[in-house]
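The two complexes that follow have subunit A in common; it is paired with subunit B in the first and with subunit C in the second.
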Partner chain A sequence: MTDAVATDSAPARRRRPRVRINSTLRRVASRPSGAIGLILTIFFVLLALFAPLVAPYDPAAFDPDLVHLPPSAMHLMGTDSLGRDVLSRVAFGGRLALVVTFCAAIIALLWGGTAGIFFGVVGGRIDEFAMRIVDGFLAIPWLLFLLLMASITGGGAWIVIPILGFFYGIAIIRVARAAALQIGARDFVTAAKLRGEPRWSIIRTEVFPNVADIIFVEGAMRWSWMLIAFASLSFLGFGATPPTVDWGLMIANERAFMAVAPWSVLWPCLALSTLIIGINLLADALGKAVGVDRAGDMPA
Partner chain B sequence: MFKIIIRRMGFAFLTLIFVSGIVFISVEALPGNVCTAYLQRFAQGPRLEKCIEQQGLDRSSAVRFRDWLAGAVQGDLGVSLKRQKPIRELVGERLRNTVLLAGTSAAVGVPFAIVLGFWAGLRRDKRADLAISGIAMLAMTIPEFVTASLLIFIFAIWLNWLPAVTIVPPSASVLDILPNIILPAIVLSLVMTAHIMRMTRTAVIDILTSDFVEMARLKGVPERRIIWRHVAPSALIPTVNVIALTVAWLLSGVVVIEQVFNYPGMGTLMLQAIYDRDLPLVQAIALIFSFIYVGVNLLADISAALLDPRLRTSRRVY
Partner chain C sequence: MSAALITIDKLSLGFRGRDLQRRPILRNVSLTVDVGETIGIVGESGSGKSTVALAMMGYLKPGLEVFSGRAVFNGNDMFALSEPQRSRLRGSEIALVPQNAGQTLTPTMTVGAQIEEALALHSGIARKARRTRVLELLSLVRLSTPRVIARRYPHELSGGQQQRVAIAMALGSGARALILDEPTTGLDVTTQAHILEFLRELTSELDISMVYVSHDLGVIARVADRIAVMYAGELVEQGNTRSLLRAPAHPYPQALLGSIPRLGERVIPASLPGFPPPVGEARQGCAFAPRCPLSVDRCRNELPPAVELAHGTAHCFRVDEAALWKPAGNPVSSCRTDTVALEVKDLAISYFTPSLPSRLMGVRASPDTVARVDFAIRRGETLGLVGESGSGKSTILRAISGLIPPKHGTIELNGASLPGSIAHRSLEVTKPLQMIFQNADSALNPRLSVREILEAPMKLYFDLSQAELDQRVENLMGAVRLPISYLNGFVGQLSGGEKQRIGIARAFAAEPDIVLCDEVTSALDVSVQASTLALLKRLQESRGAAYIFVSHDLAVVRAISDQVAVLYQGRICEIGPTDSVFKPPFHPYTEILIGAILVPDPDTAPRLLVQDASESSPPSIGCPYQRRCPCRAGPICDTEYPPIRVLADGHRIHCHHTSAALTARASSFDRNLETRTLSAGTEQRVLSQ
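This part shows the complex of A and B:
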């Protein structure tokens, strides 16, 4: 995206964004919390990518003779209520959630960011009206909205992508608009306006490069909240559906056997929480690295 | 002052109309209607006709929206498809149970959070602050149903102190329900405490580094007086707003937590209604939740205005 901004200028300018991404990453990693977040996130992405290599067994293969086996050398994390290997299921369990929430985060970033910058630059009545609608949407508790949509569409992982993308994009509109509004008041934007540059070109070359950081950090934070949302939906039965292996679903199904086989619940709990904590720490460190203060945020 | 309150009320009213509009339109946008969605392949002949007549689907959308809202305001929420009963009857005791659960969590969580937030803010970056902030961060990022599962494992299965699931009917008396509230209320107030505490901490730190506190220190005002007279009242203002935001979270969290503990409240009723494809019931519950949320928000707005002298001018446009 940053490349698209720079394509029409000299090669010297083209190199700049890449250098900045590098130094941002270095600043993220220099913070202990950022380094932990980065490591955890990369670990789980790799785990999801290479799940077939990590898993010792077929995650769906069940065996009535192996029900509720405690952790052992054969089954490092034990087996669940259908005799399936928990380690294999934990390895595969993050795949769907990561793909769904990542796609939804991209959608939210694209539409929320575009709309936010647009309203921030255009201002006036349109902006005022749009912000009232945004306020209205934000007045709906997130799970209620998702459940309402799930009840109408019947739920399912792929339907959840646009729903999450749409709903979490609304919160991004607000952030992007506030950022664009602030940049729009700066002298270099006024100068561009006075030069008679068209509005679209001002957005593209003056406003966007300056608000991209903020929107991106917001997107990263929303990503971790979307994971919570998707896991909750799966847990309630509206996200991932049974043949799929998913942590939220595993917790929901094995919860009843927690007294006899706690390992089949505790391992997916640990995996899910660590992933969310990892992304959260990463987003937080990203925010601090690019100078966005995120204190007092709500997962809405 | 009076003007502000009127304006906020007007805004709350508009929000309500908007939210109920979304709840209504999202169901209208369905191909077919609530009856075909409910009856599925049995949606034909006399059954469909009876359902359409009962739900009044022969009226136009606009008329139905108006009647639905007007009915809701008067406490008439329509008829459940699955249970064939007025929704008002189904909701009654469950609403009480949910309010009991959410209210207990808030009554425990909010004061606790404010105290913790002050404690952490006044001891910024010291060991106590790092510990509190770290735990708060964990409580905020771990999904509620995971926290709940862990607590059930520790307190219900391992230590065997508290019941893991609720086995009382919705109509049980408050005294019978109370023991079942402890664990879910702990989970809910844990997450709530984390959010409010973080905001209070930030506010305390902000104000401790502000010019007027600096000024008071230079004048030689004792530290204790600075904290009680200067920091505390100012730090409470942003906290009030977060409390309102937290209620929005609480209403989402309560659905998940009720399901985890099988608690007979609005959340479990809503999920059951979704499993049954009983859309009128889903809509009614969504509407009630939104009413509660907007109401609490309005209250927070007004109390923030009462607490903060700067907000008492009518110039601030909302």
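This part shows the complex of A and C:
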């Protein structure tokens, strides 16, 4: 009998999604900046996914006869110093950067978000101590730190993921902690404490659902900064390594020929900055859609 | 009556929804204010009362637009004027006194400089004359030492003084009309009573018109010549203060009057069913019809006409029936038992204790925020804790709940001593002790469904199957009179009164022995307050819980409590059975508190016995009330803590006067009631050092 009752009321009890994705996306798209951001971001993600279909040539195939050809019907974006097709390389060049920075953003979100909420809820001396450490990390020049870590570990795309994730996670800690502190001062958290709810349950049911969107928006913002960081690392030789096609690497290799073949540098530059602008616009609109309005602060 | 100074003529205004549909906030409101007249606009939250008042100044909140009608001030159609023309009128001829003066005054300028700046903007007074005008204005608003006050910054003034400064600023340029938007709402009862008396004097002195907006009929009754009652954007009745309050023609003001708790009797006031409609809702008939006990089909389908009455107009089909109807409250019967549920012994709480090094450096500990608090509550009993802001009533609740560990003293729950901090309390002792918060908005998680909110305590304290959980949650919703369909919704979609019911249901989900109620009805409208009080009483009768009911509102405490403790500066002045505490003999402080209460009757004046003062911390020795007491027993008040005088049925008064002296004072009480010793409204702030 109890079974019958349970099945009857089961649909009514189904949990609703906490962060309502559909309505949030609709609100993002209803803003011109949000729509542009969304289109640009989706465009580059699709471009990376379907690069083999988009690229007219093999991005690695070089031909000494085709060096520094200007854009033409044959090579829409021209060719580079080794005679490779720039369009094909631009199509493939975002793949590694997107994957690496996306993974790093997820890591940063997970660890930064968790630690931030934890410190915000626990408070007291533990929080005080942790925040001083965070301040210390934020005082380190980020690019030099990345370079140091990359040179110790020997660099390479897969080493960069945890380093970026760790470093940007620290910035997320601050945001997550501030949000958790604000929610922690609300009476429903007091009510849960008074009931004697265990701390993890307060974090999970009372605090997390109320700070998730703030942290998520912060993560989206950090993603674009990570793209810049990864491109810089590749440019300096610690990110993507030569057989891989990568925008940062393309810019590094071709910059010597700026004067004779500007297209081989400009196209990857344009692709990189357009993607970053797109993600920034998207994150900004996302923030406004969920009611988090933040100033565009600079990377630490 | 002379000519109309302000005319609101069939004004409808509102905002547009997403579909560009008109969402009216005011519907066809007509109202006039004559020269020298004070109009009180009364209504619950969302009734549009402030919107009407601001429309008189030609001001619309952003996003609002006028759909039809006019607002005329002194011959100027305010909405037809250009913005610069309007600005010139505002501040010079019609001025606003906002609700929270403390927030509207600039913190970085002395109040004298701020008034001077307003004068420079809105009047042609020469620079040199302004200084003297500022001092004139400050003495006009009965600030006793204008020269001192003018040099103070806003934070150095008490709430009542800030409000007086705001009034002085509004009067500065010789305004002909003053719009007062809930100017005393955040103030203590005694301060409020003083400000109202001063406003009454001011109107007779200056011959200006006032529009006084308030949710409190008691306040309106004190100041207004005429009253306009708003409900859901409509003006339901207007008329002469005395007749409207004595015999309202519309059922809404009648129900409103009926829902106000009265000090005289221990009665839970009649509650109005339901909740006010959401702002801007589309409707056909009378706005009040869904909650009106007299409504007929016609009320729901047609707009009621304006019925001319002897004292004013009412918009109602059922005026004749309404005249015969009288909402009745329910006398409270006690359901107390003899088992003590909670006992507090010699409780002391301090927010700030200097550390050892700073003590060595000469920092002295300030007197404890709360001290010498003793009381016991039996099962099924309600203990009311009353006092003005800063009296420590909420602090005591926080100590009992474990949020602030007490400095010393014990709290015993069902005979066993409770650990001071919530961190050391087990589920066995947190379950019987539940809390209901003042602000239901903040007390309920907006990201959880109502079902999840109610299930949380059950899952924590009881081992139940899903079917049992569902059953209990549904029973609870029935007990707090909310539809089961709300369970899968979120609290953001509910009204204030409904949210508070969810808060109450959550407390009862734990099946508690004691429920701590922290100003639970303060944020609610009067009509909703009455039904919430009735609900709390019903739950107590059926479940036998004890309540500790904290409130600043004596009438509410009187209605619901079996026992009352009056607090001043964290010390109990008087404690005992409700009927004894609210009858003489009184502690001198209780007498003043009761005297300052406003009732919705223009012929009952508050008794203002002493100067209005506020203290920031208790004196370190002697009676906590020594500095404000109007009838000190002698120098002993400054040196010794008052002893307990035990009167009949456990009524205890902490005072140096003997029981005999207190009783003797009591016999002169009735005569005192007539002779109001009003000491010119001067206000004095007793600073801690």
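Assume the second predicted complex is superposed on the first by the 281 of 300 C-alpha atoms of A that agree within 3 Å, B and C clash if a C-alpha of one lies under 4 Å from a C-alpha of the other, contacts with A are read in each partner's own complex, and residues count from 1 in each chain.
Methods note: a contact is a pair of C-beta atoms (placed from the backbone, for glycine too) under 8 Å apart; a residue touches a chain by one contact, two chains touch by 3 or more.
Owing to the predicted nature of the structure, the values given are computational and were not obtained by experimental measurement.
Novice: Touching A:Gly196 in the superposition: subunit B (first), subunit C (second), both, neither?
Specialist: It touches subunit C, and subunit B stays clear.
Novice: Once the shared chain is lined up, is A:Leu148 touching subunit B (first), subunit C (second), both, or neither of them?
Specialist: Only subunit B is touched by A:Leu148; subunit C is not.
Novice: Just subunit B (first), just subunit C (second), both, or neither: which does A:Arg186 touch?
Specialist: second
Novice: Counting only touches as set out at the top, which of subunit B and subunit C does A:Ser224 meet: first, second, both, neither?
Specialist: The answer is first: A:Ser224 touches subunit B but not subunit C.
Novice: Should A:Gly124 be classified as contacting the first partner (subunit B), the second (subunit C), both, or neither?
Specialist: Neither partner.
Novice: Figure out whether A:Pro243 sits in contact with subunit B (first) or subunit C (second), or with both, or with neither.
Specialist: Neither partner.
Novice: Quick check on the superposed pair: does A:Phe235 touch subunit B, subunit C, both, or neither? Answer first, second, both or neither.
Specialist: first
Novice: In the three-chain superposition, say which chain, subunit B or subunit C, touches more residues of subunit A.
Specialist: B
Novice: For a test of understanding, state which residues of subunit C touch subunit A in their complex under the given definition.
Specialist: Per the touch definition, subunit C meets subunit A at residues 401-403, 422, 425-427, 430-431, 433-435, 437, 439, 442-449, 451-452, 456-457, 460-461, 465-467, 470, 487-488, 506, 510.
Novice: Could you pull out which subunit A residues touch subunit B in their complex?
Specialist: Subunit A residues touching subunit B: 132-133, 135-137, 139-144, 147-152, 224, 228, 231-232, 235-238, 248, 251-252, 255, 258-259, 262, 265-266, 269, 272-273, 276-277, 280, 295-296, 298-300.
Novice: Over in the complex, which subunit A residues touch subunit C? Could you list them?
Specialist: Per the touch definition, subunit A meets subunit C at residues 2, 5-6, 9, 12-13, 16, 18, 186-188, 190-197, 205-206, 209-210.
Novice: Would you tell me which residues of subunit B are touching subunit A in their complex?
Specialist: Those residues of subunit B that touch subunit A are 14-15, 18-19, 22-23, 26-27, 29-30, 137-138, 140-146, 149-150, 152-153, 157, 195, 198-199, 202, 238, 242, 245-246, 248-249, 251-253, 255-256, 259-260, 270-271, 273-275, 277, 279, 282, 286, 289-290, 293-294, 297.
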